[in-house]
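Heads up, the next two complexes both have chain A, just with different partners, chain B and then chain C.
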Partner chain A sequence: MYSKEILDFFKKKGISIGDRVSISSRDMALEGEIMPKTEAGDRATIVIKLDSGYNTGIKFSEDMDIEKLASGKAEVSFPKAKVTQKKGLPKVTLIYTGGTIGSKVDYKSGGVYTLTKPEELLYEVPELSNIANIEIVPLFSIFSEDMSYLEWQKIAEKVAESLNSGSNGVVVTIGTDTMHYAASALSFMLPNLNAPVAVTGAQRSSDRGSSDAFMNLTCAVAAAARSDIAEVFVCMHASSSDDRCALIRGTRARKMHTSRRDAFKSINDTPIAFVDRAHKITYNNNYKRAGASDKKTDAKTSFEERVALVKIHPNSNPEIMEFYSSKGYKGIILEGTGLGHVAATTQHRQFNWLQHIRNATDKGIVVGMTSQCINGRVHSSVYSTARELSDAGVIYCDDMLPETAYVKLCWLLGNHRREEAARLLNRDLVGEMKKRSGYEEFEEDEYAGESAGK
Partner chain B sequence: MPANQQENERYSALGFMCGLEIHQRLATSEKLFCPCSTSIPSKDEKPIADVSRYQKAVAGELGAIDVSAEFEEQKNREFVYRVYKDNTCLVDLDEEPPHSPNREAVAHALSFAKAMNMHIVHEIQPMRKAVVDGSDPSAFQRTMLVALNGAIDVDGHRINIPSMFLEEESSGIESADANTAVYNTDRLGIPLIEIDTDPHIPNPRVAKLVALQIGTVLRISGAVQRGIGSIRQDVNMSIKDGARVEIKGVQELDLIDKFLDNEILRQQKLIEIRERLKKAEATVGVAKDVTHIFANTNIGIISNQLKKHGVAVAFSLRGFKGVLGTEVNPNKRLGTEISDYAKMAGVQGLIHSDEDMNKYGFSESELVSLRKELGVSANDSFILIAGGKSQAPVAANHAIWRAKYALVGVPKETRAANDNSYYTTKFMRPLPSGSRMYPETDARPILVTGEMVAKAEQSAPNLDNERKYLSSIVKNKALVEQLIMSPRLLFFKRTVQETGADPEFVANVIIQKLTELRRTGVEVEMILDDGIMAAFKAYNDGTITKQAIDELLKALAKRDEPVMEIIARERLERIKGKGLIKLVDEAMKESGGKGIDEARKIVMSRHRLVVDGSELNSILVGRMG
Partner chain C sequence: MYSKEILDFFKKKGISIGDRVSISSRDMALEGEIMPKTEAGDRATIVIKLDSGYNTGIKFSEDMDIEKLASGKAEVSFPKAKVTQKKGLPKVTLIYTGGTIGSKVDYKSGGVYTLTKPEELLYEVPELSNIANIEIVPLFSIFSEDMSYLEWQKIAEKVAESLNSGSNGVVVTIGTDTMHYAASALSFMLPNLNAPVAVTGAQRSSDRGSSDAFMNLTCAVAAAARSDIAEVFVCMHASSSDDRCALIRGTRARKMHTSRRDAFKSINDTPIAFVDRAHKITYNNNYKRAGASDKKTDAKTSFEERVALVKIHPNSNPEIMEFYSSKGYKGIILEGTGLGHVAATTQHRQFNWLQHIRNATDKGIVVGMTSQCINGRVHSSVYSTARELSDAGVIYCDDMLPETAYVKLCWLLGNHRREEAARLLNRDLVGEMKKRSGYEEFEEDEYAGESAGK
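And then the complex of A and B:
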């Protein structure tokens, strides 16, 4: 935002942001359009877009000359895509919730804003209408960090509704920050799913020609239209190259990089399938297949919000357990160290978690244990610490991701009594855990699949 | 009328408009928006990975897709980026947001702005400029307007410098075919400054001088990279009734005027062609698939394509007879211009009817069927393109567009200077329109402080001051001018400073001696700076004579080895003091009293390389007394 002095100055001179002006100060004279000020710039500098397309800043002073040459253009709207419905193509519902995939640089504010009209997306990816008959459902337009289970519930209901009204599959576009939480939540909320549900997004906004949005979206629509995967999966770049997308089971996906386009990895499991640029689907793992069924898709969306995910670290204060307990929390997932440990044998009482955990389980709080190693499974009998925790009622969650265990416990406590929720926490429901650890599930080679000098 | 004035009037009568864009890489240790190394890896270094990407033309800030961006996208190519360990990071690969702009680069840019008498903007705004030829993995180049409204004087002309930019270098292209372009990302993101003149450079000769002078000012700062590709000049020009054309990639400054004169000729020819076509009421037909005519053809370039399931596409051109074969530039015809457009779609080229049909091996019946299919007589022309199923029809559309434009005149184009024997250019892409800029929201604007401006003023390279300084240490005026223009100027200054050797002598060796040696076949480019420096040190501390420098340089050109070893092996150590007195005494004896001139002759004939003339003289003069 501009400083108050500048805004008053504009007002006095009858000038609005977007107007074409000639403006001059002691050592500079410019002609161009007045740009809005982003939060990043100096508030006492006026930004002008010159005819060359460049923006440039000129320092404000009360005595500078400014003259309005023309009024600013009305807000630019994007041409709308004509969505031509081709006969014989499968119907896919595209549920649009915001995030980078629907982000644009706003020339008004200079910042990134979220598209409100899904047609703008189709305008940019017209090939979508060659893959499927697309029905676009704009549900909301928010950043994924602002998304809560209240939105997940709405998405799950909309997915069920779309499938029950004849869609072959559903694509949900979502911000990537919390995409894996959402994918997990949808996996549990849609327990009798009988069609593909692809969750996709972008790490680079679609206003740039290099955006990963185009391929992620076309691959997701192809998977929703043509695959028989009756699960919720994340569809994002498999590598830094634009060669194929990985379809990762919703409960196994995790954002493992802040910015790379192949940020999402399948943890403790291999991707279900890959979709290449030509939209050929190569299956890679077991999955639940869609079958002939007249049954309606259920959305079981009840969700207990009083569940916490707590990360253990050296010197961590176990009194946090009492805090959650006092707030009426029903469940706590611990993200322990190594095989699933907390400080339990230390002589320093202030760091010993054991009694605090016992107090919580005694009060009926369901406590689950996962590992902050992310890769691998927890184990309750290798070390005495884990045995003691287990005896204290901590439920070891096998090879389940901490985030998935958290979402699962919320969902279980929302839909079941405490005892049943505790019993189901380490039982596989939708592929979120398994007994066997495959060698190939932990990728060591960071350049796997990217051979140099080809 | 003086020659210069005549020249100016001649070009002004043509409506000659010309401006330059000078691009110069800066010598910072890190790239502009990331901490990658700016030194280019050695030829032996293998990339650690290849990343493959596709790019898409997207609506820009104002909602319109840039013309040139769309044109590139039609090619639907794969871009492969070579990743180097120390030179490429996630920022370069469009996998991480940019870091803060390199402060060193900003400081250099501000100091150049002051050297061009420009006004530095108050707040520098990072922008994204859409680039869809694939040379940037992000599909845009980060660029910042740094300064406005400067001017320099060149050859009595005031040349306005309206703007200067600080931007990222693009990737270097390694190879390209119809489907794939491979880029090296080692140089991607190195800071680059762009200095633009206004379009009023009066003639090609002055254009060359402007480029030379700007290049020199940048070089004397010591803040720029040297070597092939580190400076590039793009030349914009048009003539009355023609169109603006940007010529990229003129590597040698000396050739700028030759390329410009040829571009004038090309535009004049295209204007002539337009008039001929108008008179003939020429028309261009639509593309037709004519594959069936050539099912059993003996024409190699067509049958090869059809074997690969390709197609043959043709269109008619009425009133073009003889025009397609008209030369518009040395060795380039209108047919070549049209062909260059078709090639953008990935086909090998095209066949046009002004060519010799026998050369291709057309049968009479093929020609008859083709003309019938296109509905043209033998007096009309046609263009035939064979290529892949998805490429040939697109190529035909490009060719039709260009052929139709022959009736309009000169298209606005970006052209590549690709032929240094004829100084001609080749179509690269349509000239980009203005709508391809939007703010780089991931990088903060830079507020320019008074302190930054003061520093820039103080450090601005100044040609006059440089000349004054050089004149104070080197008497020969011509040598001073040569030094200023020389890429070796900084090395000269460093050598004088570090060795204490006589500047005039150092300048002579660096500017003239090395050139002389090169002409006699010595590979002077093999001599390392350190070797030359060591040679001057040896001279200045009396280890060798002036004459021995030549021998040292010749030896260094053959093999890089310590100077002291060469001196010992080649017996170049200077004979002085008592040693020289002994030689003089022997020579005096040998000359049998014929006097000091004979003695000097004897000493010099045997020990020319190791005896200092003035020392010898003073000993001989002593003997006389």
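And then the complex of A and C:
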């Protein structure tokens, strides 16, 4: 609730909650709708819903200028249409886990809330019922930054269960913050997948004019219903216009922008396919195809939680290796510089990583090397530091994303003995890396400019 | 030296060091020139210089196939031309620190060596002497992954000294691995700069056909001699073709590819300018202009080394905050997810960061928040976790790069009291961040597609 002081101020100005107002003070000027507040917290803040769709809080002061521009809208209500099942359509399971795609700004409660009835998503996109018969499975409703592997395990089990009970494909909605980590985890946890699993979400909530929620969801359902991609992929806007979504292999996706609708990029490989507004799927890359099979889909969800992802930087403290070692960690993925380097012979000896890394590998910790450049590939034989690291047992992860290498190592150590996990870390399992035969990785145009961080 | 075994094998096959050969075994097949070896190390490895210009080591085995394709070249020698001073040309100081731009593959010593006589760089680019009178200052010769702030301090002091003794501009050559960290450090360490400082290097050494060394160096010298940009900027290839270099503000540059010549991108802002093959400078963005001034250039090089850059990821261990706290750290920059988030209410309580971050700020550690998305900006008021972090004293760093925020915080804590450092962290000092007035940062097309991770 707002403080009495603020409510009195509103009254004096003839303003009600929900009204569109302009507010200005020395520092700022903005327009938007006054949101109600139910949460506890800073009672001296006025919450304004901006035209961008985001809420923002303004510190209240008696001398701020506020002017009513228009009266508030009535409460938003959702049509309660029934979703009907149509004969002959593929069956798609939609696993709902929360995130912005299921978020709305509620005029009654204030702030972003996640749907308690995920069916509401369907009511707003009636065309979905022409693509597939959709079964909604609300697993939980959390923001993705709060997801750990415990949720990934539940999602993987639910995907397998859905496919084993007759679904033709699965859509998983997840918040975008850690969507790529989750998509990567599902890729490894579902090793014998024989149907499409589309991971989707939204950068902007569904009550915003610029929301990407509906198109992402529609394209994801179309891909799950109609494609023969037997892989986990992220389905998100391919560009900032509403023209098509990209289907990006789960292990190759990375969120490359905080707010753009086309934030997800396919790194070091092109997207598997694109889905346009007419739900037409255009294939663009190799992929694992679904085939006739009676085999049950397995969910291999064991996961070692004591694995770290460590970014190397100038002046960085290598004692972090001993910190993780003392905590019983089994694996560490390094984000090295350039082709996969660390400081090895700095003038400032305390910054030299080599011996600390050797201490870790000597203790049996699996250490993998990736590049913080994100695009490109690490290489263990060009410069002497990398050769020394390699000799110390560091496993160079080719063109694998650091985030993917991290998830992969957790999964490997959960499912294999140490030696086997180390061996598999730089073997391609589900399209997460390309090993070029020979030594041609430095060709002039190795880089897929279409898809990566150009 | 090669082992006797290998030398005997070469002899048997009629092969001399320097010869072009094809080698094949079960696992690989490649062509290249046999390099001599002087270094100690694995004596059972044959070093081959590939056509890509990189060296690679092949484990020797008696049953490998090796075939001589052509005889070796004579020793490479450098012309010992004198660099003459021309009247009326601007004076540019070239500070040489090592890295690939000064590396060559030497047929006598084997492996990549860095030039002992950096003048050799000039002999190979005679056109430089038509652009400026160049004074070469060899500071040291190291790979950039081995640079710490101790080297950055020496470079900054040498830049100031050069400008204070009559140079019109300065070029600094650095290895590319940590070039962007160094450029950022120089940007803060030279706060009252009144002349161009171009930081350049090469992704491929100068004896490779595809080397970017000469064009990068020429464009950097042109920018240092002729531009009025009173800032530190990175001068590297703007595209994969040899058409122009981009001048990227030091605090906005990031190495975004392990091997491409156009690896450096300007993040969240467009490059300041471009320099084409004819050395024509086309300005592209606002910048600080050099003006008439008698003021000495200051080098403010104090630097707090106890600052960490920590990447948040699902299942990441927040006890790292206590690790750094126990080591006496004064500052921590977090690379959060999305708009600047951490796990706050996970089911798996040990992964919740909030209290650990509060513990750090309570102890007076300055904690800053950036995004691992790289592109875009963090925002402290959209979601509740960010509001809580903000309430805990975490400073949201707008659209600043994580690497830049890290360097900036080290520099601030080296030069200011804690409170002032915290206050300045999200104030723009040298173009490292943009604060939009009002709340318009989520506009549809805020993103400079030309320059960032598209």
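By definition in this document, the second predicted complex is superposed on the first by the 355 of 454 C-alpha atoms of A that agree within 3 Å, B and C clash if a C-alpha of one lies under 4 Å from a C-alpha of the other, contacts with A are read in each partner's own complex, and residues count from 1 in each chain.
The working rule: a residue touches a chain if its C-beta (ideal position, glycine included) is under 8 Å from a C-beta of that chain, and two chains touch if they have at least 3 such contacts.
Computed from a predicted model, the values in this text were never measured in an experiment.
J.: According to the stated criteria, A:R260 is in contact with first (chain B), second (chain C), both, or neither; which is it?
T.: Both partners, chain B and chain C.
J.: Would you check which partner chain A:G57 touches, where first means chain B only, second means chain C only, and both and neither mean what they say?
T.: In the superposition, A:G57 contacts both chain B and chain C.
J.: Which partner chains sit in contact with A:H313 here, chain B, chain C, both or neither? Use first/second/both/neither.
T.: A:H313 sits against chain C, while chain B stays out of touch.
J.: Touch test for A:G14: chain B only (first), chain C only (second), both, or neither?
T.: Neither: A:G14 stays clear of chain B and chain C.
J.: Kindly classify A:E124 by the partners it touches after superposition: chain B alone (first), chain C alone (second), both, or neither?
T.: It touches chain B, and chain C stays clear.
J.: Touching A:D242, do we find chain B (first), chain C (second), both, or neither?
T.: In the superposition, A:D242 touches chain B alone.
J.: Looking at the overlay, what does A:G166 touch: chain B (first), chain C (second), both, or neither?
T.: It touches nothing on chain B or chain C.
J.: Compare chain B and chain C by how many residues of chain A each one touches, and report the one with more.
T.: Answer, by number of touched residues of chain A: C.
J.: With the two complexes superposed on chain A, say which partner A:F214 touches: chain B (first), chain C (second), both, or neither.
T.: first
J.: Give me the intersection of chain A's contacts with chain B and its contacts with chain C, in residue numbers.
T.: Chain A residues touching both partners: 28, 30, 41-42, 50, 52-57, 111-112, 210, 240, 258-260, 447, 452-454.
J.: Which residues of chain A touch chain B once you look at their complex with the stated criterion?
T.: Within the complex, chain A touches chain B at residues 25, 27-28, 30, 35, 38, 40-42, 45, 47, 50-59, 76-79, 105, 107, 110-112, 123-124, 203-204, 206-211, 214-215, 240-243, 258-261, 277, 447, 450-454.
J.: Quick one: which bits of chain C touch chain A in the complex? Just the residue numbers, please.
T.: 28-30, 39, 41-42, 50, 52-57, 111-112, 142-151, 175-178, 181-182, 210, 240, 255-260, 263, 265, 305, 307-311, 313-317, 319-320, 323-324, 327, 335-348, 351, 371, 373-379, 381-385, 387, 391, 403, 406, 410, 437-447, 449, 452-454
J.: So in the complex, which bits of chain B are touching chain A?
T.: Within the complex, chain B contacts chain A at residues 46-59, 61-63, 69, 73, 80, 82-83, 90, 93-97, 119, 121-125, 127-130, 132, 137-140, 143-145, 148-149, 163, 165, 434-439, 441, 444-445, 447.
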